[in-house]
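One chain, chain A, links the two complexes that follow: it is found with chain B in the first and with chain C in the second.
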Partner chain A sequence: MSYQLDFASLVPYLPEFAAGVWTTIELTIISTLGGLALGTFCAQGRISNEAWLRRTCACYIEAVRNTPFIVQLFFIFFGLPALGLKMTAWQAGMIAMIINLGAYSAEIIRAGIEAAPKGQWEAGKTLGLTRRQIFMHIILPPAYQRVYPALVSQSIIVMLGSAVVSQISVEELTFAANFVQSRSFLSFESYMLAAVIYLVLAILMRQAFGLLKCIAFKNPSL
Partner chain B sequence: MKFFKVLSSLLLSASLLFSVQSVHADKLSQIKERSVLKVAVPQDFPPFGSVGLDLKPQGYDIDMAKYLAEQLNVKLELVPVTSANRIPYLQTGKVDLVISSMGKNPTREKAIDFSDAYAPFFLGVFGTEDEQVSSAADLSGKTIGVTRGSVEDLELSKEAPKDTIIKRFEDNNSTLSAFLSGQVSLIATGNLVVAELATRYPNKAPKTKYMIENSPCYVGVMKRQEALLTEVNRLIKLAKKEDVLEKFSQKWLKAPFPADLDS
Partner chain C sequence: MSLVSLDEVHKYYGENHVLKGVDLRVNAGEVVSIIGRSGSGKSTLLRCLNGLEEYQQGAVIVDNQSVENDDYKLRLLSRSVGMVFQNFNLFPHMTVGENVMLATKLVLKKSVTESRQLAEELLAKVGLADKFDAYPGNLSGGQQQRVAIARSLAMSPKVLLCDEITSALDPELVGEVLKVLEQLKEEGMTLILVTHEMNFARDVGDRVVFMNQGKVWETGPSDEVFANPQTDELKSFLAAVR
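Entry: the complex of A and B
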């Protein structure tokens, strides 16, 4: 057991890692925004008065939460072209991540919404607000605040899960590590570097969410 | 005592000479005399050699052996070998020829002689009918799928123009799926992989565009059997001219026999 770590030989491959990190960040930002928006919509759908909307949202959420991410990804990338729906690997990866986060965050946000005391709905009604107004202004903001830590964790899970999209040739961080490993055979070093970068990214992401929280929820009345 | 020593060593060397002589006797006339051609063939390497549903050996190599026996007007005896023992079988005279999807290299050439190429075996670029690609330079601006870390990936990364988008997939299956689902219209892989694909999806199989690395198969012949080697080469040339190899190639590899195989 005398393995000599050789990080110096990774230096020529740093541009590959940098490009990979950038793609990972790009995928994460877009899919977090898209996924949370989709999740909010579906959470709303699940408590809607319309039965069809409730059922559609429930089907989507259950289908996504009960199948592996990689299968969803392959379904979109390798399966859908058979129906004439062709997209690039990057688009397919992005859509898979949005769909995935959408379903998980819908359930998290629903939990926040259902935790709202019934009295708040009633208070809104007494003030003459519509159901939509009550939801948007009274129920949703504190719901977000309640489940904020869970949403942050889920977004970070999706960021880490983006490693899987390397399987359909999206050139993100894990792809870069795999690629460098296949060229330099420095598997220990490349994956160690990738792991450290993921760790840093996750910490930065948590910090960013913390900052966002301070800005978004500074209203003490919430 | 001395007399016995001298006698025994004489006898020994004589017997050695004799055995060497018998091994190196003219194989071609031997084959014709006993009217049997013994050929080492693979049985674990489809489509070159495998066991069919009727439990009989089948494949490109077996057809090639049948063709040679037919042309020599002798009976054929197939001897199943593995890739590790096929050269020893030939060297020890257990078989007359090795037709076992064997490639040529300098080490092997020291041990046995090789005929002309009789079967294509190569890594190449394959694609849909409408892709106009005949060399690495034509890949400029195009997207091509390949299995990451494979020989074809390394070669392609070296020779493809800078603006070629190389999509690297995890394994052969993903690369093929990417092609079959239309995500990429060009792939780099081996011709056997494509042959397998063509067997399952005759309309969807990619067509050969150009070869990246060519390592065709040769018939192995024992050293110093010029007569046999010349005869085998003559028959291979004949087979090329009369489109026999073209037929084999279409039948087993689902692709035309490449014209530039020996280059």
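Entry: the complex of A and C
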């Protein structure tokens, strides 16, 4: 059993890989921002005084966390058009990623919020702040800080999960690898290159989050 | 008209009858110490004065405002009533200065410059002018509690509620906090404190309220109450804490 690795023959396909990497990065950045925003909103909804909002958020979170990502993706891309909601593959993939990260990060952020001592709410209340002001200024920033490592991991999981959106022909990195190997028959090399790029992206993402941490949390010891 | 008045206040935690008809009047400028055994309802009573606890019967009126379970009314009330807690409850992610400025910016809508100036004055007053940019986690307990007092004062309250504010402090740090309270008394601030500092209650407080079994058991001018307790319960309590 012998196999001669031939990366040189991949060179003509580098533009395909580059385009794929760019789409993956694009999907990751937008879905991370959107997903964390949605997650924050739902975490707040879960502790709201309004029962309907609490229940709606809980249903959404449980529905997403207990179904496979690829089924969510197919539901959005193939299912929703039946209701008249037409979208491109890229849009569907993006929405699926945002919805997925939104649900998981909501639970993570909620854990951070619930870890806030009751006295923090009381101190805000006695100073005359509204519930919303207390949440935004007093409760949320330390909550993010507490669960930051978990949020970083979850965001990276979603970045890696973006490989799945190649299934609806979003032309991201895995799609590019698929395409190249079908043209060149260099499957081993194509997927190996894709894997290495994912690894590098994940490491870069972790570092970017590390940098952001230093800027966002002024007091490192809470 | 008293600044603070409670009429026949009853409070239940489920089946547990915590306050059993409390009557109390506090005039502006008075320093009132609430003492009693743990479980006698002193902290609950204090927390009924600013709406942190609901009560089921009776009336609580502070600064001509009825204390009710209504978010908007309680926010208005919070401008008249400040509170300092046993565990400081400073906001750990904000500097000392930001802690003091937060409510003046968000609630009183003062400008940053104005808020900052006020915060600097208040921190100087509690002896922490140099800690404006420090984080609470880097301060001693006594310093943190003085920041908490400055933070309450930023809202210029008419009455300051102190809930066992020296109980979490190391003994050598108690003095610096009590000194600030004494200073506030001299400036005419109304103080209602739940406290275990009997010397402070006797020497600085105008009046003592002894709570027992959810009621105001005995009350009177500090020196008289300590020198000459009337009820057996207060006598045995004072004997136990001395």
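Here is the rule we go by: the second predicted complex is superposed on the first by the 218 of 222 C-alpha atoms of A that agree within 3 Å, B and C clash if a C-alpha of one lies under 4 Å from a C-alpha of the other, contacts with A are read in each partner's own complex, and residues count from 1 in each chain.
Here, a residue touches a chain if its C-beta (ideal position, glycine included) is under 8 Å from a C-beta of that chain, and two chains touch if they have at least 3 such contacts.
Model, not experiment: these values are computed from the prediction.
**Student:** Quick one: is A:86 in contact with chain B, with chain C, with both, or with neither? Answer first, second, both or neither.
**Tutor:** The answer is first: A:86 touches chain B but not chain C.
**Student:** Determine, under the contact definition given at the top, whether A:67 touches first (chain B), second (chain C), both, or neither.
**Tutor:** In the superposed model, A:67 contacts neither chain B nor chain C.
**Student:** Which partner does A:178 contact after superposing on A: first (chain B), second (chain C), both, neither?
**Tutor:** first
**Student:** Please indicate which partner A:218 is in contact with in the superposed arrangement: first for chain B, second for chain C, both, or neither.
**Tutor:** In the superposed model, A:218 contacts chain C only, not chain B.
**Student:** Pick one for A:123: touches chain B only (first), chain C only (second), both, or neither.
**Tutor:** In the superposition, A:123 contacts chain C only.
**Student:** Tell me which partner A:78 touches in the superposition: chain B (first), chain C (second), both or neither.
**Tutor:** first
**Student:** Between chain B (first) and chain C (second), which, if any, makes contact with A:207: first, second, both or neither?
**Tutor:** neither
**Student:** More residues of chain A in touch with chain C or with chain B?
**Tutor:** C
**Student:** Figure out whether A:187 sits in contact with chain B (first) or chain C (second), or with both, or with neither.
**Tutor:** neither
**Student:** Please identify the positions on chain A that touch both chain B and chain C, taking each partner from its own complex.
**Tutor:** none
**Student:** Can you list the residues on chain B that touch chain A in the complex?
**Tutor:** 145, 148-149, 153-154, 167-170, 174, 177-178, 181-183
**Student:** Which residues of chain A touch chain C once you look at their complex with the stated criterion?
**Tutor:** So the residues of chain A touching chain C come out as 117, 119-120, 122-123, 125-131, 133, 137-138, 141-142, 145, 217-219, 221-222.
**Student:** Going by the contact rule set out above, which residues of chain A touch chain B in the complex?
**Tutor:** 77-79, 81-82, 86, 89, 166-169, 175, 178-179, 182-183
**Student:** Under the definition above, what is the set of chain C residues touching chain A in their complex?
**Tutor:** Within the complex, chain C contacts chain A at residues 50-52, 71, 74-76, 78-79, 81-83, 85, 87, 89-95, 102-103, 106-107, 135, 137, 151-152, 155.
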